[in-house]
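As written, the chain order gives the labels A, B, C, D, E and F, with residue 1 at the start of each chain.
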Amino acid sequence: MSSTEPLVYLRGKLTPASQASLAIYDAGIVLGATVTDLVRTFHGELWRLEEHVRRFYRALKYTRIPVEVTQADWMEISHELVRHNRALLHPEDELCLVYFATPGELPVYAGAAGAAKGGGPTLCAHTFPLPFELWTEKFETGQHLITPSIRHVPPQCYDPKMKYRSRMHYYLADHEARLVDPAASALLLDLDGNVTETSGANFLIVSEGTIISPTLRNTLPGVSRQMIRELCAGLGLPFVERDFQVFDVLNADEAFTASTPYCILPVTKVNGLPIGDGTVGPIFRLLLERWSAAIGVDVREQFRAGAARRTAGIH
Amino acid sequence: MSSTEPLVYLRGKLTPASQASLAIYDAGIVLGATVTDLVRTFHGELWRLEEHVRRFYRALKYTRIPVEVTQADWMEISHELVRHNRALLHPEDELCLVYFATPGELPVYAGAAGAAKGGGPTLCAHTFPLPFELWTEKFETGQHLITPSIRHVPPQCYDPKMKYRSRMHYYLADHEARLVDPAASALLLDLDGNVTETSGANFLIVSEGTIISPTLRNTLPGVSRQMIRELCAGLGLPFVERDFQVFDVLNADEAFTASTPYCILPVTKVNGLPIGDGTVGPIFRLLLERWSAAIGVDVREQFRAGAARRTAGIH
Amino acid sequence: MSSTEPLVYLRGKLTPASQASLAIYDAGIVLGATVTDLVRTFHGELWRLEEHVRRFYRALKYTRIPVEVTQADWMEISHELVRHNRALLHPEDELCLVYFATPGELPVYAGAAGAAKGGGPTLCAHTFPLPFELWTEKFETGQHLITPSIRHVPPQCYDPKMKYRSRMHYYLADHEARLVDPAASALLLDLDGNVTETSGANFLIVSEGTIISPTLRNTLPGVSRQMIRELCAGLGLPFVERDFQVFDVLNADEAFTASTPYCILPVTKVNGLPIGDGTVGPIFRLLLERWSAAIGVDVREQFRAGAARRTAGIH
Amino acid sequence: MSSTEPLVYLRGKLTPASQASLAIYDAGIVLGATVTDLVRTFHGELWRLEEHVRRFYRALKYTRIPVEVTQADWMEISHELVRHNRALLHPEDELCLVYFATPGELPVYAGAAGAAKGGGPTLCAHTFPLPFELWTEKFETGQHLITPSIRHVPPQCYDPKMKYRSRMHYYLADHEARLVDPAASALLLDLDGNVTETSGANFLIVSEGTIISPTLRNTLPGVSRQMIRELCAGLGLPFVERDFQVFDVLNADEAFTASTPYCILPVTKVNGLPIGDGTVGPIFRLLLERWSAAIGVDVREQFRAGAARRTAGIH
Amino acid sequence: MSSTEPLVYLRGKLTPASQASLAIYDAGIVLGATVTDLVRTFHGELWRLEEHVRRFYRALKYTRIPVEVTQADWMEISHELVRHNRALLHPEDELCLVYFATPGELPVYAGAAGAAKGGGPTLCAHTFPLPFELWTEKFETGQHLITPSIRHVPPQCYDPKMKYRSRMHYYLADHEARLVDPAASALLLDLDGNVTETSGANFLIVSEGTIISPTLRNTLPGVSRQMIRELCAGLGLPFVERDFQVFDVLNADEAFTASTPYCILPVTKVNGLPIGDGTVGPIFRLLLERWSAAIGVDVREQFRAGAARRTAGIH
Amino acid sequence: MSSTEPLVYLRGKLTPASQASLAIYDAGIVLGATVTDLVRTFHGELWRLEEHVRRFYRALKYTRIPVEVTQADWMEISHELVRHNRALLHPEDELCLVYFATPGELPVYAGAAGAAKGGGPTLCAHTFPLPFELWTEKFETGQHLITPSIRHVPPQCYDPKMKYRSRMHYYLADHEARLVDPAASALLLDLDGNVTETSGANFLIVSEGTIISPTLRNTLPGVSRQMIRELCAGLGLPFVERDFQVFDVLNADEAFTASTPYCILPVTKVNGLPIGDGTVGPIFRLLLERWSAAIGVDVREQFRAGAARRTAGIH
């Protein structure tokens, strides 16, 4: 359990990252029947680990992937990986910890390629350094989101409350968004035209002082979204879940996305139109400030410094 | 280009099968945004290769995965793989040739694990010996299909006319089917309750002498289904595409599935009720006979012999 | 097997009609889980009996009501009932023969009312003289149909291809129609706004010489509708099945309904607007004439005479 | 108004139960256009009679069945029936009182069977002893529910807020459930995949201390569900109505059904997966205890004793 | 800016009403792509002008009609128009002020008719005296609403939260309503059978003391509806937004519509059935009284007097 | 009936085009409840006038706009207008003749602006010279279509088989398309994701030699589309109507739109991807050639010459 390169937990073993790969006949590749989760560190500590693990295990139950590792052991493995892998980085870097599980290797597809390596599901945890540079600028400029013609998969097919990797619709939707603006992402509508989420984040709007989230019928119960809810409670800001539509987005006072790697990121343009006055709004700033205070990390500053360091090749 | 084990075409190179694997940050694993196809051999010759390749390239266009290999080259690679890999098998074995393509490795997810191995999509072709033993008995007993509560993904999310691997709904549906009968498979309905397909095959019914297929709104344009259509034309049997429902299935005279590995396989029970008199029907037998004649292989006999040989460990 | 009053086949016995009743805890009453069919005589002969019986048994299979009487025996019972009951009527009267089957008596609901009379499903056949007077005038004036706000039950709930008696939606829809015109009936739309059927008949339109029927997704495969199809074939009139909407109805050249008791009946008004010029059209007249010729009964005349006779109290 | 057997109120008269039956041409049989309700006694007193009667009359209004009995008279008739019928039972037995109303006898269908017995709707009230033995064991083991492929009828066809007897979908859905487990019942989804109710009860889940009910769009406003809501208020447990999906059910801490005969009954398995740890949960126990306290009857004990007594043939 | 006839603001100029017209190739006529709003005066003062203007500008943003007048200027123009036009009327008359905006004149359609009069959108404001006589009687008798077969346009086509003039569905729906009762209006259902709004007003019901409104998914956020919400808050009456269906309407205690010209108007009949006891209810009376008090105008009396005056030709 | 400027038929009179305008309180402006049609000339002769007029009158019937002019008179008026207006143009110019009808002026909205000009519907016919320059280049380059997130209005709201002017969804959809490419138009999907039509034309694809059109559920029965159908019949090319999806479009061999002004125009790009090889295809060329032959006008050449002439200011 020591290596000069990052370690990956894969099918019961710790493996150097450069050797961590999946057989081409793993169900994760053949079926895309994979559930996943993502945790990040703040100052090297995994943030709300238990919530993420609990959500990951809910997805495992729903999909009946018979993982035998307990939640407690999984948390232990998580800590161990992070301890090892973070030691290889610059002390101010942070890690994203990715989980995924698949039904395992499919013997038929393995065929003459040799016996499948072993029965049981494929369970994996791996890390990568948080790429601050991807988002740092958008804290200032905000994101541009596009509602594509592709619709979100409805829960009677498979439920967005699990974090899954059968994400073809997200992939197609993001392509459509980039036709409008290469830097834009898709904001998917459900089959009834309600706003749902982006391919990587929860989406929220602010209207007359109320923070409004789509319902859980259509979206992942995000941990960052939950954090925002708690911050709103502390601030006395109403937070409601309800169906809303593109009209509400275009006429919102503010909009933002919430996702583990960056916490919260402003949306300043949707379908080419400015949200509010097109700049980052006061509620966003307030939430980010309170979030930073709550975790003892100046998030905005960490992204600025981290991006600069990484761009300069320091890590 | 020679090896004592099967070769796999992967990301531009021929690799021994035991070394063919995907980085855990390949988009095929992370997003499930993978398109695929499957061809088989008859007497070692790839059957309707051009049709399969054309279908594979249609999926590539729809998903905008920028594969640079031409269709002609892809056919050449296919032949080459089959020539090499089949030489390693018993002369009466047949091969399944699997294609898949993903958007490629995701640099962000790769992180400190080392540079992603190279840009561009992941394109792969690999083979496995046709597992005759999986289906041989069902040529006599027929299959049992169950309509689950899980619904097929509609084309406004992603289109079933491409062969894709974001197959979470299939996976969940088959779990539901196996609650009724461990040997059963799911027959998925669309969001409006129309019959679509199983997780691995087209589904057809026979009613008063007419072969009825679901429409292409809800199903893969299967090459075996196309073969059946042509056989029907030769036999003067009407073949129609239209929406139908569970009522029609339960009251059909016959039902069967069509899929490349086994051509055509009877369905004798749906939701616990017999189709027709619950035995393999005359239209099925006729189609299988004509199919065998058309390709010069007694399909039923090949499965019987192949399964016996493989069960005996001869290959 | 003789009686001065009509006989009813009920739960295995022939019973005088005045004594034929169902326990209030029969599933037909408690659940409405009843399937049914209706045959009529022409000159005392049951018309297309086999088709009706086959359709009745399809509904039995779909609902899994375990009737033990064979189709052949059921036809025999049908003939026997008609022979007996028709002898009690005026020689020019005709009979409607009604079938229904329910899952049987529910022991729990029976409670202390005494043991349920016996296990097994409730199977019943009974007759009533064809009430010519109900429709005779409409052969001249045509019917008025109204599209109500109530929608037809979709096949993923239960399938209209079986003739069933969970007909609450029909009942509610007809109430809405009668708000417009006490003599009107409802023409139900499906959940997508396609035209389906009335509460008692198939509905067809004529447009530029083509007879157009809704698809079987939404309608009973009526035996009279089938007869029309055959007559059209004989006449060289195209007959097509496809989804159509209220716009097509309002702009049709003609419209009519088809149902066993009256064969075919014109529709001259829909939602208060005339169909064509608001009078009975030439295709209707032609079809009725050919129908009459085919069965050797002048249908129009039979209704005229029968209604006059019955109104005069002669039977 | 006295009899040695239970009395039934039927079409304006009190009739001995053994003679209470419906003409086979009653609209309740022919159309299934029947509305209904069910009340039970505790210690012989009808529980929340007024609420049940009010709900019954709401259904009558919606269906326009022109019952002329006032709500006050109907309550009086209810009391009278129960007084008489309960006196025939063991003093510790309880009664279920069933109401139903249909549009009445259909003259056309009556035909030559004799004049319909009289105009107007068919209104009926009858009783049966509460069959404790049906549920007593499930208080300990919990129920197994299955989500079938059949969907709940949506309110634009007919509204589940009325208690009706056009229940074909329930009947078909329960058949599907029993394919998985002969002791299981169906938990129906709506057309959008939201959880609704079972064929005989409201369904609720507990998640992180909150009791969650489907909305009234899809479910009967159950009187027992209302009682649970009131008990929750007393206990300080949040009770919310919102759409939820199978994912939420499988990951709930507890689940139960609510229905007049048994008050509340645990659900410990859904689609073969345990709910929570698969045993009866603490919130269920607490609610049953408070319910028992509120009505002065130890419900659990009553079922145990009642079932033993009835199984032993004592009544 | 003075005229003996009313002035109209049209495309940047004040024009005498008799000369205010639109080119037949204006997009408002060719496409119906028009957004609108309507304000009224109380004692000559525009009521909640800012709210109406804000709503109008939200619609402008959603439709991207590039109006250049600021909201402040638009309010100024509004006041100016009202000052001028009201001076021409009886001092106790009130004005309705109508706004609309279209994308402007379509050069192609203009063709040889001469150059289009000028670029840019068509922005218009005009007034008409409030026609008290249209509604005064209905304060006593209540309205009759009918649920037609035509459905409301869903927000994925265009959003009802903007006040628009592509109102073909309203027009068709009102035709259907008048088939039942020439004085009735349509109460539209959405595609799922939920109650939405009428062609000119918000619709609300009262059930057990709670005022219930459809959600904003399906309805205009009416200013009068907002006033009712505020009055309810003052009265301690719960006001909730949720989906409800025709069943709820028919069994409501009261129902009413809310619209700027008349504030609030009772609904006493729906689909031919009385709401509550069929007369105007106490909550309606209370709300109207409080509304009158809040604005210092006895609304009911103003309508009575105004209608009498106008009918007598005094204005 | 003579004028140096074009004449417009409006509300019963012929009016010089510069004076033809609609009152701002015409229902065509207030409700957008307008039906329309468009005919063009070839060599000055109105093409398929009768078909267009019949379609216009179907829309009038569906909307119950009580136009009193007969179809025969309307054709006469059409000819008269064209005769007069074309004489004012260059002899090689062609005319578009536009019809529209609205329910007429709304007296309430007219208010004190003066009595509405007269009762009855507003019926209008006007012309404009065919703007060849708008499309001539696209005969070579083809059009770029985009599938927007906005969906087509379904027929249960109002039916696309009538040509209407409640076109807000088209307007919004085209805005979305222009975000991708300022020269692109929208290709709308229906609520189920099927391809329908553009805001101004029918859309067709060619796949393996078959011309495929969406069904009439979702599209206008275009006269040019009908012409293509007839040309296909002459050429022995199969022409089918069926639902298809974006996948089929992207993988079609060719695509084109059909509309009265330009007959048929190629589509070479959809959602940024080339159709076929991205150039104008052989079936398109063949159809245009046959069309030209059928009407005796070289359409392509007419557009080239007409555009050049008009660009040069010659008319």
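In this text, a contact is a pair of C-beta atoms (placed from the backbone, for glycine too) under 8 Å apart; a residue touches a chain by one contact, two chains touch by 3 or more.
The structure presented is a predicted model; accordingly, all values stated were derived computationally and were not measured.
Chains that touch both chain A and chain E: D, F.
Summarising the inter-chain layout, the chain whose CA centre lies farthest from the centre of chain E is B.
Between the chain pairs B-D and B-C, more C-beta pairs are in contact across B-C. Under half of the residue numbers found at the chain B and chain F interface occur in both copies, marking it as a different-residue contact. By residue number, the contact pairs of A-E overlap by more than half with those of exactly one pair in B-D, C-F or A-B, and this pair is C-F.
Here the C-alpha atoms of chain A line up with those of chain C after a rotation of 180°, rounded in steps of 5. Farthest chain from chain A, judged by C-alpha centroids: C. We define each chain's centre as the mean of its Cα atoms; on that basis chain E and chain F are separated by 33 Å.
Each chain gets a centre from the mean of its Cα atoms; for chain A and chain D, those two points are 45 Å apart. Separating the centre of chain C from that of chain E, both taken as means of CA atoms, is a distance of 47 Å.
Shown for chain C are the residues in touch with two or more other chains, namely 64, 149, 151, 154, 156, 189, 191, 193, 246.
Chain contact topology: the protein chains form a pattern that is neither a line, a ring, a star nor a complete graph. Annotation, chain-chain contacts: A-B, A-D, A-E, A-F, B-C, B-D, B-F, C-D, C-E, C-F, D-E, E-F (touch as defined at the top). Listed in rising order, the residues of chain C touching chain F in the complex are 189, 192-194, 242-248, 250-251, 273. Of all residues in chain F, only 58, 61-62, 64, 154-156, 159, 161-162, 215-217 touch chain C in the complex they form. Within the complex, the chain B residues that touch chain D are 146-149, 151, 176, 179-180, 189, 191, 193, 246, 271-272. Taken together, the chain F residues at the contact with chain E in this complex read 5-6, 8, 10, 17-18, 20-25, 27-34, 36, 63-64, 85, 88-89, 96, 98, 100, 103, 108-114, 124, 126-129, 131, 134, 149-154, 156-158, 164-172, 175, 191, 315.
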